[in-house]
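Paired with chain B in one complex and with chain C in the other, chain A is shared by the two complexes that follow.
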Partner chain A sequence: MAIISAMYPIAEQVGASRIVKAVSIPHPCGDPSLPSEVDARLRREIVETALKAIHAEVKQPTLFYPNISATV
Partner chain B sequence: MVTVVHVINQFFAGLGGEDKAGVPVGTAEGATGAARGLQAQLGDKGKVVATIYFGDNYFHEHPEEAKAAILKEIGSRKPQVVVAGPAFNSGRYGVGCVEVCHGVAESLGIPCVTAMHEENPAVDAYRGYHDLNVYLLPTRETAAGMNEALMAMAGFACRLGSGEELGPAREEGYIPRGIRRLERTDRPGVERAVEMLLKRLRNEPFVTEVPVQIWDRAVPAPPLSPERQATIAVITTSGVVPWGNPDRFKTYRNTFWQKYNISELKVLEPGKWEAVHGGYNVAFMNQNPHYGLPLDALRASESDGRFRLYHSYYVVPGNQGSPSVMKRIGQEIAADLKKEQIDGVLLVAT
Partner chain C sequence: MRLDLAEFPVSRIVLGNKFQYQSGTLEVDAETLARDLLKDPRIREAKVAVAYPGEKVRITGIRDVVEPRVKTQGSGQVFPGVLGPVAPVGEGTTHRLSGMAVVATAEFEGAVRAGTGVQRSAVLDMWGAGAEISRYGSLVNLVLILRLAGGLPDLEAHLAVQKAELHAARRLAEVTLGKEPQKVETYDLARKNRDLPTVVLIQGCLTESHQFHSGVAYYGLSIRDSLATFAHPNELLDGAVTVNTTRGIGYFPNTWDWQNHALAMELYRRHGKELNFAGVALERVRFETYHGKEVTAHNAAHLAKTLGADGAVVTWLGSGNAFVDVMLTLRACEQRGIKTVLVTYEYGGKDGVDSPLLYYVPEAQAVVSTGSRDRWVELPAPEKVIGPYEEIRVLNYPGAPLTPASGPLTFDARDMVIGGVDNWGRQSWTCRAY
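For the complex of A and B:
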């Protein structure tokens, strides 16, 4: 399992194994201030990062960062 | 003199071991069995007015009847304090003690003290109940620790019976219940916080004022194999549910989860979904439910055949969820994921 959360430090603190850094609490998977196509690309990058995370070997709480610069 | 009712199992009442574990709830006037030891520790400060016993198996096979019978006996005697156990590492006995104390605290409002080994499975239930009136003292693993346990319980019983206010767990020695209490102090928070920070920077010992709950450590699951097409499910705590909130989730403190079918959908249309959650501004989520359930992106990623998205998504609005309830919900969802043979999960948390 991968958790997608803007509150990733808490996820890390309580010991979640695979953590994906999300955008913000009211909109984890995307950013409404972006044009909708860019927003959709950002969401895709977050989901791809989460898919990568569940295919990755981890031994302890591990943070995965979506490559946001690639989406804008 | 403090009046006490002592609740024990059939073994410590002297009725017998496993062969007598089916005996129903019974009452003896005064102190009998282990309650005599408690009476000895109370001395002239307290009196065991009755000993109530239950068979370990009886309590588990008839939990409602057993609890009701015990509460009725206690209620009719109106003691100042109820003492249950010590149960040491006995799981059935421990659960009986914690359940009785919880029932007494809830319906009779009488303070309770119980005792058992810290690894007794009932300790988790005690932590989850957060009863202001129940104190659980740690004991040794076996009845070899009987005398010291009874002594500690007698001490607590006298103090509780006289209406004395007890201090925090770290000073009094009971197992923390996860209750935060306000205290008055002469120094403002900023001064205390900076002092703690400086101590921490100097590697000196300090005591936090806000202890954090200790969580179970989960071993990371092995990674999914790229060789095989996995079935992936999504869980969201954002509260995104079909428009109209058909299962009537509340905006806070939910006690159940639900799953909704998305097998025919490529995207989530605004106006057909809504976010039920009292802990964040749901305006963005209502305009675009994909922020909490990224179905559009998942369908795009699914199209190359790497994985298959499970036909439904799981949801519980997470706002103000109590850890014990959320743990139960997590276990129920995990059991369903297993039953549905789901390989991997993405959990979107607001």
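For the complex of A and C:
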């Protein structure tokens, strides 16, 4: 299991195992202020990071960072 | 900046046919006051009532609470940027009617039907458990009962209620013009003692930048995505900070609380004796990214450091993720060598065994709890209901059922009572470990 969260330090504090850094509280999986095609790449990157996170072996709360700069 | 606050205590309010003050009795010309309020076409009905502590009275539909004040010397007038022009305040002389409040109630159905902006049950009991948990239960309350014109947008409704209550508050305080106060207190930050530590009050303000009113306004301007800014405590005393008057949520301070900020007043009492109070940092909290929360935290700590802080009293208003910004502020202060103490309410669930705080940092080593917001409260039936609503919504989701205000009520959280959450530690709570 992985959680996509903009408040990732809280997820860490409560002991979530796999945490994917999200964009913002109202828009965790994208950024509507971006042009739609850029937003689409960002959304895809976040979801793919989450899928990778699910497959990863972890022993403690671990943060996974989507490569946001690559999408802009 | 030196302000003399002249106190005229009120223990009795008489609804009569003139405005006057004599030895603790305030006479109010209710008819003239109501007629004045009705000059605003957004208000279609205005009535006035009085509620005393100890009476079995329940007040419904509360939108704000305000203390009557008027400036008699110095620039500007109370509630600058709202009642009058934006003019500097905080200097000169201000008269206050203490021991009483104007309680603004209004019938109005807001367009916001869910989330943090939604209006609440907003009741106050003047006796029993409800009065005990609210700081307003011990005041003599002059209640304005307003009904607004139909179809008003939320912003217009807010402006109508706010103008009515602030106008009434200033009009009432004018009865003291030319009279001798019972007591005068002087508020002056410039009188310092160099051997004492400097302390700043960092006031975290949850503001909702997307709402028509963000929840906290400085000289009438909603604080939105602002970074921290300095406010002189004397500005608070003169009503420079005002609130959204449509919601009636127990965990948001009302105008009365900003005028009588419990922590600012206590820091002032110790000013020059135990510490040097260096003023208030208004820090907007509830940024929507972690990055934003980190930046506002560092910015507030930087402002405190610039003000020469050795210590900071950190507090906040609001709920939810805004608390992360507050915790990060404690950390940012400690990293700069500013010792911190946090003053906050806690959650904990109805039995007090759940997590009391949403988030914490190891740097938060001194925390003062002002009590749980989550405890159930049973309110017995009143003998009389004052206010625009005979029936209230205990829960605030769209289509929630109506409950008679004249019957007993069970609330599963204290924020459903106006003043039910003690944000800044005004009340004398105590704690016992089992």
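Just so we're on the same page, the second predicted complex is superposed on the first by the 72 of 72 C-alpha atoms of A that agree within 3 Å, B and C clash if a C-alpha of one lies under 4 Å from a C-alpha of the other, contacts with A are read in each partner's own complex, and residues count from 1 in each chain.
Heads up, the rule we're going with is that contacts are C-beta pairs under 8 Å (C-beta built on N, C-alpha and C of every residue); 3 or more make two chains touch, one makes a residue touch a chain.
Only a predicted model underlies this, so the values are computations on that prediction, with no experimental measurement involved.
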Overlay on chain A: chain C relative to chain B, clash or fit: clash
Identify the partner contact of A:51: answer first if only chain B is touched, second if only chain C is, both if each is, neither if none is. first
What is the contact status of A:43 with respect to chain B (first) and chain C (second): first, second, both, or neither? first
In the superposed arrangement, does A:60 touch chain B (first), chain C (second), both or neither? first
For A:26, select first, second, both or neither according to whether it touches chain B, chain C, the two together, or no partner. both
Chain B or chain C, by number of chain A residues touched: B
In the superposed arrangement, does A:9 touch chain B (first), chain C (second), both or neither? second
Clash-bearing segment of chain C, relative to chain B, as chosen among 23-31, 365-373 or 383-391: 365-373
Shared contact residues on chain A - chain B and chain C: 6-7, 13, 25-26
Under the stated contact criterion, what part of chain A meets chain B in this complex? 1-7, 11, 13-18, 22, 25-30, 32, 39-40, 43-44, 46-48, 50-51, 54-60
Touching residues (chain side chain B, partner chain A) in the complex: 212, 215-218, 220-224, 226, 232, 238, 280-285, 287-288, 290-294, 296-298, 300-301, 306-307, 344-350
Chain A partner, complex, touching residues on chain C are 288-290, 321, 324, 358-360
In the complex, the residues of chain A that touch chain C are 6-10, 13, 23-26
